[in-house]
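By written order: A, B, C and D. Residues from 1 in each chain.
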Amino acid sequence: MTRDYSDEKMTLRLLKHAQFQGFNKWFGIELLGAGNGQVEVEVAVRPELTQHHGYVHGGCVSSLADTAAAWAAATAAKTDVVTSNFTFHFLAPAKGSHIRAHARTLKCGRRQATVEVQVFVRLEDGSEKLCGAGIATIAVLGKLAA
Amino acid sequence: MTRDYSDEKMTLRLLKHAQFQGFNKWFGIELLGAGNGQVEVEVAVRPELTQHHGYVHGGCVSSLADTAAAWAAATAAKTDVVTSNFTFHFLAPAKGSHIRAHARTLKCGRRQATVEVQVFVRLEDGSEKLCGAGIATIAVLGKLAA
Amino acid sequence: MTRDYSDEKMTLRLLKHAQFQGFNKWFGIELLGAGNGQVEVEVAVRPELTQHHGYVHGGCVSSLADTAAAWAAATAAKTDVVTSNFTFHFLAPAKGSHIRAHARTLKCGRRQATVEVQVFVRLEDGSEKLCGAGIATIAVLGKLAA
Amino acid sequence: MTRDYSDEKMTLRLLKHAQFQGFNKWFGIELLGAGNGQVEVEVAVRPELTQHHGYVHGGCVSSLADTAAAWAAATAAKTDVVTSNFTFHFLAPAKGSHIRAHARTLKCGRRQATVEVQVFVRLEDGSEKLCGAGIATIAVLGKLAA
């Protein structure tokens, strides 16, 4: 997969509007790159993100996936967006130091975008393991966030 | 829909094992009732749960739905469970004082349960509005959480 | 669930435009009722609809669900529609004489509708069993089919 | 994506057990290749597969995707399988001479496999266009089909 993260303007917009507000601020999403319909984001695991087995809570894994998908669509549509629906499949326990989501826009139309996303967990030895995958429909709102 | 929340034992188990740990503790999930393959849970909205439009972040809405679905399956399977996959459709902005999820087990087999879930937002006037709906597959682990 | 199938005009439109064309004609979909955002459709099982275990092929079960969802949205939107995405969970083998889908519109907006659907198989003794459930997003095209 | 279709034994098994029965026989699925958790299948478009706009019916597009996903899981699990659930997003009208599905197993465990699938339509000029994408959970039955 070719990754072109040269869209600095959209990256800055995402940083400004979405990354430091409300849930995302608490969640601690770090934007690794954005552009060309793709986004990579990462979160450092801490106790508040875990569930009763000590893994990252599924809600956190899928929230990261959802956010990555929406931001990926935003880089393609270049307008404000909201998630319309998404499906997420958990593939392995998310036990590690970080979770990283990579979202890729499959198609971006005038009214909606379809985005696929994969989430990886970084293990103690630094290697990564696929821990979930999904697909989302993102509604294109047709205007920029204020 | 008949709601039978007489399964006190499972309710207590959920309270003990899941409600007060990690993400769920931070999230502030309140268990309104559990039993008979159904669960109702609620969260009071606060700024850390919102996104850039001031609504509850989609990741929080779907996390509540996911948790409700898993707990509903737990009351049916009477063992520990984990979410295998879920699909969630956002139907209206979650702008209000509380979000409430109602999950209902459609089928619970030996290896997995399928659960449907709806999420409602409580408006200023106390009325509720459907803001999302989904369906989940919950893996039945066949043993109780420690 | 209240079932109001009094929308005769939409029923006739569905009969004219969709029920007797291409795949639907071959599939043999019978419209049992339509109106108020809901649709019930049925198909008589025959060998060409089965898979290698003798059950109705999953593709046929989900096709019936998909069609029911789209038609339900059409009765709500009163315009032409197409399926945008759908999720379907298989709950039991569809082994019987007929499969029946009941779709119910959860929300119908200007651009899309969200519809939940359940499929039942009619057993030898005439009773019905839930064999699948799903949720779909249907795009509202804003015009009537020619 | 590396495509290794060297698993002749599984290909022959699929040909024998699944390709020439019931719905699949009518549908006319041609197995292009199978092995290494991946499968490619194709169907030639004919009038019985279309809907009221003349495109391939969504139920046929998603049936091909579902079948490809199940067969891909079968090549990974090397046992009989059935679809547990799947999600499919329609990306473009399937108007062309053939539709082709390419399914790839993301993870295959002891009890289930998760498979992603893309469907392409072949246009008049011979080029292909992505017309849908999805993700499926396939239950691993742990035994071979008779």
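We take it that a contact is a pair of C-beta atoms (placed from the backbone, for glycine too) under 8 Å apart; a residue touches a chain by one contact, two chains touch by 3 or more.
Small disclaimer: the values here were computed from a predicted structure and weren't measured.
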Starting from the Cα centroid of subunit D, hunt down the chain whose centroid lies farthest away. B
Comparing B-D with B-C, the one with more C-beta contacts is B-C
Whole-Å distance, subunit B centre to subunit D centre, using C-alpha means? 34
Using mean CA coordinates as chain centres, what's the subunit C-subunit D distance in Å? 22
Cα centre of subunit B to Cα centre of subunit C, whole Å, reads 28
Indicate the residues of subunit A shared as contacts by at least two other chains. 84-85, 87, 89, 114, 137
Name, in rising order, each residue of subunit B that touches subunit A in their complex. 17-18, 21-27, 47-53, 57-60, 62-64, 66-67, 70, 82-90, 145
With touch defined as at the start, can you tell me which subunit B residues reach subunit C in the complex? 87, 89, 91-92, 106-107, 114, 116, 130, 133-135, 137
Applying the document's contact rule, which stretches of subunit A touch subunit C when the two form their complex? 84-85, 87, 111-112, 114, 137, 139
